[in-house]
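Consider the two complexes below, in which chain A is the common component and chain B and chain C are the respective partners.
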Partner chain A sequence: MDSSNDDALDIIVSNVVATFRTRCHLNLRTIALEGTNVIYKPEVGKVLMKLRKPKITASIWSSGKIICTGATSEDEAKQGARRLARCLQKLGFKVRFSAFKVVNVLAVCSMPFAIHLIDFTKNNRPIASYEPELHPAATYRIKNLKATIQVFSTGSITVTGPNVQNVATAVEQVYPLLFECQKPLCE
Partner chain B sequence: MSSRVCKTCGGSDIDVDQARGSAVCTGCGSVLEDNIIVSEVQFVEGSGGVSSAVGQFVSADGPVKAPLLGSGFHTSVGKESRAQTLQSGKRQIQQLGSQLQLNQHCLDTAFNFFKMVVSKHLTRGRKTEHVIAACLYLVCRTEGTPHMLLDLSDLLQVNVYILGKTFLLLARELCINAPAIDPCLYIPRFAHMLEFGAKTHEVSMTALRLVQRMKRDWMHTGRRPSGLCGAALLVAARMHKFRRTVKDVISVVKVCQTTLRKRLTEFEDTPTSQLTIDEFMRVDLEQECDPPSFTASQHKAKMQQLEQELSRKLDDVEGEISCYKDEIESELEKSRPKLRGIYAAYAKELDPEDSEVLSVASEPEDPDVEENELQAAAQHLTQEFLGQVIQEEEGLGSKTDVGKEEEAGAVKEGSVHQRQVASLDIILGKLPTAASLQQTFIESESSDKPDDEQSESGELDLDGIDDQEIEKYILNEREVQVKTDLWMKQNAEYLQEQKEKEERIKKEKEQGTYKEKPKKSKKKKKELVEASSAGEAIERMLEKKKISSKINYDVLRDLNSRGTGSGGGSSPNRPPSAGPPDARKKLNRRRRRKTSDANRDLAANASLMGKRVRLLISSTPKKKKAANQATDQEENLVTMATDTTTETPPEATPDPKPQTGPTPTAPPAAGEEEEEEEEEEGEGEGEEECVSALQLVGDYGCEEEEVF
Partner chain C sequence: MSHAALRCPACGSSNVEDDALYSQAQMVCVDCGSVVSEGVLANDPVGGTDVSYRQTTAVTKKPCHNLLKGLQRVKAMCRILGVNSEIEELSQTYYNQAYQHQSFIKVSLQKKEVLAGCCVLVSCRVRNWPISMGTISCLLDADPTLLGAVYLEMVKILQIEAPIVGITDVMEAHCQEYKLSPSHVPEEFAEDPRDLSKHAVALVELAADTWIVTGRRPVPIMMAAIYLAWQSLNPSKQRLKFTLDKFCQLAKVKKQVRALKRITEIKEVLCKLGKEIPWLETTVTPENVMMQVKDILEFKYALLRKALRTHEDALLPECQTSCDNSQTEDNTDAACSEQCEQSTEKAEQTSDEDGNSRAESEQQDSGQECQDTEPNWGKRVLFAPPCVVHAKRRRVEQSRMKDVTGDEEISDSEIDSYIRTPQETRDFALTQKILSEREKS
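Entry: the complex of A and B
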């Protein structure tokens, strides 16, 4: 199957979180009453709005700051955000789309081999940490990329980072380390 | 006893006599030191002729262990904060450690960790309890004692994950690499708690072997070690003919029943479980296993593959039966027009969107649900397949069942025989399933309509947004009404609370007891300056507030002096309704209240000070006359006396003071008492000046009212 060729590994981006601003004050009650697919939470002070097409959930605050989660790619996130802004515009607010930024990207990847977590942790002592009492995965944090990789013993890993590029780089970086501590399959 | 240089002659030859405690220069004979303090060890003879050294041991932590003379355990106030922290930390470590039965060496190590933590300022923002627990757990890990984080959290009644977080952070910051937990460490402890009597050791050994076997079989990665131990001990106990139920074990090991059962099942799946007891004790199988979750996922992958193969085979079969289907289809289409109407619309749309749907939704959105259905379908298929092959001509009956199940399981998935099967199924099929299908179809239909634009495939113009679709997100008027009613009903309580709050605030505003803002300004008032005259007071206040370095204090003072000239002239003109000193006092009291009010306002709106000063400068003469009138009014008010509340003094009750003896009971401001006193004293010195200054400040007061 895959030797050490990273391109053959499928990195599936499962979640992209982005924020942007509308630069105007939003009346949450209006949005709540006139929009479909909205949940109003007055105690917290925000409105949750769910879009169907890029499947996105947005938290909207009255200050005009909006967080979009649930997209599967950066482009989709941007599109969803723009759609949302357009929707708010139609509701009557003077919305301007500004300061769009992708904040977090979550991706999963599956290695074709199982991984010996204890060896992996020993080899990468300060960077990796493994606490079986607390969490079944070993956590590997790459500082310069600001990415966190959680390694499970089955060989699947989840990577979180500030953008998709970083995530890909992180996987590339960590692959050889995982390859060393792999567990040969017997069945 | 450093060899110093003599001051008189510069000679360095100094004779130090210990007996006399003096240092003398041998050159000139001058005495340099008279009572030398010696730091040598002295010995004292105790009872029985034993000589012992004089002195106390002082520990490095500070004067902790020297509680002389019954001062006892007090953490004295005089100590510095760091020492106090360390001391209390030490105490807590001792407490907690003794509950865990840790030896002194461990406790000392823990205390060292704690000192490191404190020096790195990691205790800030964290409860000392948590930090101490983390230090202790660090020691446990490095020493390899059989203590779990769970034990610590039990003792402290804190969530174990919170402790874990702190522990991980400390380990990272202190660069302490705690060795990984070995479940073997816990076995003796749990075995002891399970009370096997004389055979405890044997059972432990067996359990250890089991755990080692589990490790090789990859059951221990990513799992809590206590779960494994529990399973191993249970099996070991049974092997040695002890009756320990699952409940006993879980009460000792602190995992839940499900976990234990799962571990046992996993162990059952390994080949080792097939060995007999004797064989197990003697033989070690070389073969290793994959981790259980890995095998589970492989199992899933296999199921999926199987499903795909079967569907492919079905396609082959279908080709043979299609002719029969067409006939039946046409027949039944005539008999059920209703359904067809809806499905016709869908069926028409389905064609162009076939490929879309295939490409877009290759991975169904709910893999779990669909997988289960797929599995069920696969099972069903395998059963039906044989029958189908045999009964080709009658295959329609089973085929439709199969097709329907597939359809139900995968609405959006693309299978080749979609359209035909769809219409066939629905028309042929049982109504309930058709109804459920209907709903899903309608949904997909409505969402498919906007799909026409296909913006998902990357239309990224500036206006790459389908307005039509967006309009769907906005309800029309009637819907808005309905929703409003619903929402109001739902959140009636919250709205009620909001209303009450607003009403309360309104009331307070009317009454003038609106507390929210004055709370802050009250505190500010107390910082008001003590000054001998109002002008000075203003100056000082300005300085303090640091409003502006650009205010020309000279001009301010000039105002004062100018005011004096005009004020002094007008003062004797005032009706002598009150006797000179007392009346003045009363007057000044009133004015002072006004002053205080004015000052209060000033304090509150410090930034406007500059403006007001300028305004005042420009319009002082007019204001003076107004002030005069105001002061006249004030005097009248004073004579009427008692508690007329001219303005809104919400202040505290008056403190009777000797100076204010003859004054009315008007409550002076609590914070301004000092100021009043001061001003009164100042007043005695230079009445004219004070009066004019007061006038000035009275101007301020008037100005305030006007502005506000």
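Entry: the complex of A and C
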């Protein structure tokens, strides 16, 4: 998705987290025994299952709630979730794929210019916060989009939001603010 | 005597009279005969008083003991740091407010002590007194992460907008911790504190200009700057041989591990600038650069400009030769022409001959066809942070996944690859049993 400027900005979605329910109780010991690529964590009460084809890690709880992380797009997350549900079905559980929801999307983007963080924080006072001794990036939270943007002085930004559309809108919203606080590349 | 205000709870009549049965005072309803109240409580209001017992017996509420202790701690910290009375009062006000807020009233005493430190920190910042979080965490002997968390929460609750402290402001205060004056150390290692701090501040400014300070913890950088300033103010063989370890022992400060890396980085920058010194015959290496540091710092800006110009001049012919053999691309066009324009602008500003600028504007036209690694501006400029110079290459898998819709058919054979065969399951269970038995024995 491009910004509204002349240069195209590459927004690279690096992680999508989604949850869904299987509507039935799952026996974690059975899954741990009969599934490949699984890690059983009895102290926490969950099983981690890793799929190869969409590269996804799923946390499976015995209540039937499953969280999938590691996908690079919303559709891929759905495909991985369905594959996982199918896998559990084959293991013998009466699985019904329901309540699929993308919970969090993490994207990174690189500006072609460096950013002067102190000016950026001053211009956007309550919305942006910057503590150089604690974290090297300034945090900018957009309330209505529920998106959080971390701005680094090298020009890279990371955006987290509830879905890909919000993330893209957030980048478009923040781009003009970043552009006016840019630092000349050297010095 | 009848009490007109009293009502009998049983029949509701107001005809209630005092009576004394067996010398026990009683209040009896005349109409139905039920006893309304009796004994010592005969004259008490029925149903209890309007004012509850607790309220009538309460004494004036004393302020919490820990709050008072905390305020004393705040005062003590202000005295140690030597701040003025305005900051002391402000920090006490903040502490009072924050302590009584629901997110801090029930936390552990350790956290309350950290909160006291944060109040002092925020008051100093609001009144433009330069102080770093490192100082406060040393003072409290607290975990810096905990300090950071409490600080952020407190600022959110009290809604304070504290200005950001720059490293150069904190530098002078930090320098005072280093005991290097003639009274503390032998003559050949002593240094006037003002000279030292001035020199160190200049080094830190240079580091800030060349991307060494951004995103890094301030204390190791300050330590590195002071160490190099101390060495360069009197670059004798003895001083140059001193390692960071020994220096910290001499100055009686705690050594920061990351300072070593910062020292290497600052020395690299000094070497790059040292190369541009016009009157130097010998080549500049990290070993002999310390002699030149005084000159480098004096002519800092001129040397920086010169170094940047040399770097750009070196890049432009490379750009031209590579573009002769390559194709044009739309995005890199804009990026490259932008870069060439910038460099020609800079060259035009700093160069004296017109012929030079004409030649470079020619190169600009041919430079438009140059191929560039677009966002990686780290390769194009002389000074850049390490994360940009060694940028991670992104996984280019996007085109492959474009046709995924999420609702496709998943074949059985694919799913079977995720499930163990019964034989494998039995083997796995057996192996687990053997391993666990072996562990037990």
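Miscellaneous remarks
Assume the second predicted complex is superposed on the first by the 179 of 187 C-alpha atoms of A that agree within 3 Å, B and C clash if a C-alpha of one lies under 4 Å from a C-alpha of the other, contacts with A are read in each partner's own complex, and residues count from 1 in each chain.
The criterion applied here is as follows: contacts are C-beta pairs under 8 Å (C-beta built on N, C-alpha and C of every residue); 3 or more make two chains touch, one makes a residue touch a chain.
These figures come from a predicted structure and were not determined experimentally.
On the superposed chain A, the positions of chain B and chain C overlap enough to count as a clash. Judged by the touch definition given at the top, the superposed model places A:72 against chain C, while chain B stays out of reach. Within the superposed three-chain model, A:152 lies in touch with chain B and with chain C [touch as defined at top].
Legend: residue contacts after superposition of the two complexes on their common chain; A:118 is shown touching both chain B and chain C. Contacts of A:130 after superposition: both chain B and chain C are touched. In the superposed model, A:42 lies in contact with chain B only, and not with chain C. Of the two partner chains, neither chain B nor chain C is touched by A:162. When the two structures are aligned on the shared chain, A:86 is found in touch with chain B and with chain C. Clashing C-alpha atoms between chain C and chain B appear in just one of the listed stretches 73-81, 307-315, 325-333 or 361-369, and that stretch is 73-81. Where the contact sets of chain A with chain B and with chain C meet, they give residues 33-37, 51-54, 75, 79, 82-83, 86-87, 90-91, 114, 118, 121, 125-126, 129-134, 136-137, 152-155, 185-187. For chain B in complex with chain A, the touching residues are 148-150, 160-161, 164, 167-168, 171-172, 175, 177, 180-181, 218, 220-226, 287-291, 293-295, 297-298, 447, 450, 455-456, 458, 460, 464-465, 467, 469-475, 480, 483-484, 487, 491, 494.
Taken together, the chain C residues at the contact with chain A in this complex read 132-134, 148, 151-152, 161, 164, 166, 209-210, 214-218, 304, 308, 331, 334-335, 342, 374-375, 377, 380-383, 385, 387-388, 394, 397-398, 401, 404-408, 410, 412, 414-420, 425, 428-429. Here chain A touches chain C in the complex through residues 6-8, 10, 12, 33-37, 49, 51-54, 72-79, 82-83, 86-87, 90-91, 110-114, 118, 121, 125-126, 129-134, 136-137, 152-155, 185-187, going by the rule given at the top.
On the chain A side of its complex with chain B, the touching residues are 32-37, 40, 42-43, 51-54, 75, 79, 82-83, 86-87, 90-91, 114, 116-118, 121-122, 125-126, 129-134, 136-137, 152-155, 183, 185-187.
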